[in-house]
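Labels A, B, C and D are assigned to the chains in the order they are written; within every chain, residues are numbered from 1.
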Amino acid sequence: MTSPAEDVDVAAARPQPRRGVSLRDSGPPLALVVIFVAFSALSSDFRSIGNVQNIMDTAAVLAVVTCGITFVLMMGSIDLSAPGVMGAAAIAVALLVANNRNGNELGVIGILLAILLAAALGCVSGLALVLLKVPSFMTTLGVSAVGLGLATLMFNGVQPNITDGTLASWPVERLLGLSYLTWIAFACVLVGYLIQRYTRLGRYAFAIGGAEEVLALSGVKVAPYKVAVFTLAGAFYGLAGVMVTSQLSAGLVQAGKGYDFAAITAAVVGGTLLTGGRGGILHSAVGVLIVMVLTNGLVQVGVSPYWQGGVQGLIVVAAVAAAVLPQRRRNQVTK
Amino acid sequence: MIPPANPEIGQQPHPMVPALEVKNLVKHYPGVKALDGVDLVVRQNEVLGLAGENGAGKSTLLKALVGLVRPDSGEIWVRGEKVRLRSVVEAANHGIGMVFQEQSLVPNLTAAENIVLGSEGAGVRGGVYRWETMRKLAQEQLDKIGSDINPLARTDTLSFADRQMVEIAKVLRIEQRSQHPPVIILDEPTSVLESKEIETLFTQVRRLREFASVVFVSHRLDEVLDVCDRVSVLRGGQSVGEVATAGAAPADLHRMMIGSTGSDDHYHDQAYERSAEPLRPMLSIRGLSGKTFRDVDLEVAAGEIVGIVGVHGSGREDVCRALFGAEPTLAGEVTLDGKRLDLSSTRAAVAAGIGYVPAERKIEGMVGPMSVADNMTLTKQQSRCAGPIVMPKRQSSLVDRWIERLSIRTPHRGTQIQRLSGGNQQKVVLARWLVAGDIRLLLLDHPTRGLDIGARSEVYRLMRELADSGVATVLLADSLEEAIGMSDRIVVMSDGKATKHVPCPSGDKPTPLDLVKEMV
Amino acid sequence: MSTPVIAQPAAEPVVVKGGPTPAQRLTSFMPVIALVALLAALTIADPDFLTQKSLTAAIRTSAPLVVLAAGATLVVLCGGIDLSIAALASLSTVFFAMWLPDLGGLTTLAVIAAAAGIGAIQGIAHVVLRIPSFIVTLGGMSIFSAVALVISDAGPIRVVDRDATNWLTLYVAGYIPMAFFVAVVVVAVIALVLKLTPLQSYITATGYSESAARLAGTPVDRVKVGAFTVSGACAGLAAVMLVSRNFSGSPTMADNLLLPAVAAIVVGGTAITGGHGSIWRSLVGALVITLLRVGLPIVGVPSAYEQILYGAIIVAAVALTLDRSKVLTIK
Amino acid sequence: LTGCSEESNAGTGGSDKAGACDPADVKLVGQVRNESNPYEASWLDGGDAFAKSVDLEQQRLTYDGDSTKQQEQITQLLAGDTDCLVMNILPNGDSDTPPIVEQAQEAGAYLVTQWNKPADLNVTDYDHWISHITYNGVESGKQIGDALAEAIGGSGGIIALQGILDTGAAKDRFAGLEESLAANPDVKLLDQQTANFSRAEALEVTKTLLTKHGDDVKGIWAANDDMALGALEALKAAGKEGEIAVVGIDAVPDALTAIESGAMTATVSSDGPWQGGIGLAAGYCVATGELDVADIADEDRAWFAEQFLIQQDNVAEYLSPATDEADFECDNVFSRSQGAIS
């Protein structure tokens, strides 16, 4: 297999060709290195092997969510449904595998069913987008609320705790120093990358972000691909919800709280454009690491909890600015 | 999958049956009858020209032929069979494919993907890409038209001309879809190409004729006569006749297009008298450098039209943008009418009396969903305001006046500009700089791109009148002929540098060949 | 200079009657239709809901949301988004509570001015650094929250002197809560300024096509900074309204109003991609969202179903209100 | 401003009407943050149980931990019929209590609040705000702090997980920990971070703190059980389960199970079902005239409810909590008082 030429800078405003590999693609990895080195210099706890493993482990769930959201962002759409979809999947899996609430012991099948439920919710977002022509911002916000409602219904006042062996092993068992959860995240990134590079779904998602109308002119029906992308994203969120459940040994309605904005931040910090057509899974993976290194580093160097969010916000803005500034153009469109 | 068709051995229909026939096609849009009973015959193995003024209905007709526009009534026959075309795919299955007026490639995909887009065939199996196969499929197409671009290059890294080749390579994929000889529609493919590229394209068109029918649209009538076997003329949504190209002159075609014996005031023929007074310097550029140009010196006097010529990548476009504050500069000094010019923003440029008409009309020139009126008064808000307050009456009468003066075809001043034909859109964009009457320097990047002869003449006349009233003009012309015809002086740019200044007084114009020698 | 005259006559009469068709007019009333339909549904579910007292309470409740959504609508119309409004409003409640003892009656103006200034800084960061507004304001959101936590020592600050906010709890003409009245006045003033000046054109052009707007010499950057400034000022005003209602400032008070405010904008039918929409639409959208927030639980919908209904209704509302002829791509 | 009046419609409130309600006309409302947290869900269930005992139904309201939404719901609720309305409310934070109290007072509804109240807001200044009930956070924070100190043998490093910083509960409990630390000078607070009362956040914060402080960590103090349970998961993942002592507050069922199994050291009871019932009961008694606000002793207007430190030795008593109808009889509504809030 050969792969397409490396992505180079797209001039959104001027469709003239630009030469050379863009700095924008090397910016985020550079930022990651700079932030990592800075924290390492500031704190010896930070640069320990154990802490690096810890960063990878804590990044796992966000990485999986970000894999899903990246496909949506590549199309130029947005997805705010992660909290609801993850919550529904978390409760669903907790009630399907061995647990304290009912006699179910479906194991892996239970996990798959929970992911299927999540994919179905994602599919609803996509269908509402293409059939009702409602912007994804709203369809996914709506589906998130629906997911939380379903999760609350299933929760029904009593905390479901799981005793399933497979799930219990994910956060605990280690391979080469990293937990199974982390390996699952790696697998997701790899699968996401393969989908993005080598499948029609991935390439079309990318193309939809580049020039949706051209696909239609070429006789491609984009609607099914859009629905498929939201479904795929839902499946990733579902898996992430299952992962949270395995970490907590319990199904929480709030399992996905905050993951919507965190994942978008990670993707954008990694160089995926909210306007679509640029970036991808590897970019997002770098973005996830930037966010997680920041979060961890701030605790390690002992920044006051009050300030942590603020410092993180500042650094994210600075990181994006540093990545964007070198290729700033006069008549650039910044949304 | 789709059986690869070999045009030589495919069942050839009877040679007398037209490849495509359109009968009494009608299409209404709110306020306009875009097609008003059009008839058209495309014979097998011919290149049919389609001519008509801006807004005559050419693009609408062609879009109906590829299923993008649903006609209100009328019939379309393909090789003697009546068909209904409801989508691009259906049209492609009947062997009809189109290259659109505005380039339509996905910029962030590879050329190969664009070429096979929607008909990947063996390039995709079970939803999985087979890049090598896809590259080969694309390479085949590119070989057919003799293009040597890398199929795996990202499309937005290709030059405009190369992208046009990708479009043609792509449209030829319909051979794979239909057993029949294809009908290839080219809507203004040359308006963005340079002469060398146009020659390459024409070679391809002539080659296509061997096994296909071609419908070709261009506002450059000499081109139409050159490459076509026959020309059909549309006016106001109706077919008004056809011309065999052998022995016909552009003027004949033009007369048919406008329906009168209007004077053919094309730039070649016009004897244009300039006053002999010494010219007052208006724009003065010293040592201007930017990302893509270096050390450019240029003087433009009030009332002077200076053309800049150069091949793609010569940097001339960025010089214009830099003067308008839309592209950063690294060094140099620019004065306008003796005052140092602030190059930091487009705002400052507008305040200094500079106007700019960008080449990329759709993206940079107009705000599609806004009305004709709002587009026209967007820059010169003062023209429709009393103090800071907008006066709707003032705007409507001003706009209506300019709609009439420039013969802009629009149902209403309130119509969204994106609903106008390309030529009429361009006129609105030009009018934007004229409504206030306070322009001192006009930077025109391909201002006649996509305009019909009549509209072009209007733009030329307008440019000259503006020059007469003291406006300095920098022109990046559509063709060398246009540059020569319109300019008082020509500057040749190559590789980011202004290499040569060629005087171009009326009566003593250089030939295109003279310029080409300087350009390379 | 003389205006050039083109001799060539128009081939056919150019200007004909145009303007919006009845169907197009109807689409601009869709938000109101959605609002009335929702009110009717709530009344059917619980006939007691449709009382003057209950409606008065609902519109009083909606006031801060209306103001927040109205300000952010300008940013959305310009093609951006302001995710910081809620955090900025929270910070402003803290400002208010802290400054009141010193500034007295001037506190309201000072808070609005400070919030406007903070909004302007975000706008400047956005246009100068060319960072997407989504990121700038996401960063702003966490920074403002942090500042609010630190200066308030992470706790609410009581407002003992209620004179400064008491006026907001009055009623105009006996029935219209002052807070809502002020919100409507804010919406009307912004709408009027936009309509009467070229700002409307500038904003629309910027939102639909920033590069074309810039190359037409439109003051894109200033318009955007202005939009962020107004958005900030509105967050400040919303904060004052919240303080008048809660008798305290708190570093997290308004945080949960972000998604409802953005939902209000979109439910009103403003295109999230920019260009098309209006501030009136957001007013109606905010009323719809308020009815959903307070109406569903009050008429007795259990909380799990409430969330499901909320999700379904906001999607359905947008399906109804968004004028697709004005929005080219629905992303 | 001309044309402005103070009120569009005077509240129907007035103490003259107090106690005049027919039991069947009483409307019971319980409001908590959400139903997706076992503690608060059990609170609403307790309310339902009480309502059933008097042949009524409780209207269950939730506001997603959103202060604004809570206020909006209260406003809307009080715009309806308020004559015999009884509300048992969990205010989201301290600052949310004053507006709730004032609106209820004005509308003449009967109100009981729990957990959060600014210290300087006096229940005795109002006649429709019947009572404010809470647990002594300083005491519970200290109790589990002491239990933790004991579990690690009186010396060693601990880390603390704080609740939502902007709540009285979080602050009081942490103050209690500080008291305990003062009393146990060899116990060292290595680090403190907020995990916002959330299980998931506690998991992440704990992981990071464990790598930061490594084997120095001997114990984890959490401001509630949810966070303690999150910390337990972090220990599990780090293979340190059972090696580090963990304490929390609330006595949620999962924490009790953990204590029973020895995974967790201690918690302090907060009796959700009782809290859900008791507020409605007190309001019901006043609305129906069985109890007169004027007769309630000042120390019963704002009081600490009885709480117990639960450890492995006494956990069995708490494993199956049940509401006792007798608790809700009008004579008994203050029986769990440990005295006025100081």
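The rule is simple: contacts are C-beta pairs under 8 Å (C-beta built on N, C-alpha and C of every residue); 3 or more make two chains touch, one makes a residue touch a chain.
Predicted, not measured: the structure shown is a model, and the values here were computed from it.
Across the two candidate interfaces, A-C and A-D, the one carrying more C-beta contacts is A-C. Chain geometry summary: the mean Cα position of chain B and that of chain D are 72 Å apart. Chain A and chain C have Cα centroids separated by 29 Å.
Chain C and chain D have Cα centroids lying 35 Å from one another. Across the assembly, chain B contributes residues 326, 346, 363-364 that each touch 2 or more other chains.
The multi-chain contact residues of chain C, meaning those touching 2 or more other chains, are 149, 154, 211, 214-215, 303-304.
In chain A, the residues touching two or more other chains are 13-14, 148, 152, 213, 306, 331. Chain pairs that touch, as defined above: A-B, A-C, A-D, B-C, C-D. Residue ranges on chain C touching chain A, taken from their complex, read 79-80, 83, 125-127, 129-136, 138-147, 149-150, 154, 210-211, 214-215, 259, 262-263, 266-267, 271-274, 303-312, 314-316, 318-319, 322, 324, 329-331.
Within the complex formed with chain A, the chain D residues making contact are 34-38, 41-42, 44-45, 162, 165, 191-194, 198-200, 203-205, 207-214, 229-230, 233, 236-237, 239, 252-254. Taken in their complex, chain C has these residues touching chain B: 1-12, 14-19, 21, 195-198, 200-201, 204-205, 208-209, 211-219, 221, 275-276, 326, 328. Contact residues on chain B toward chain C in their complex (touch as defined above): 30-31, 53, 236, 258-259, 262, 324, 326, 345-347, 349-350, 356, 358, 363-370, 374, 377-379, 381, 384-385, 388-390, 400, 403-415, 432, 434, 437-438, 454, 457-458, 461-462, 465-466, 469-471. Listing the residues of chain A that touch chain B in their complex gives 1-5, 7-8, 10-11, 13-19, 197-201, 203, 206-207, 209-211, 213-220, 277-278, 329-331.
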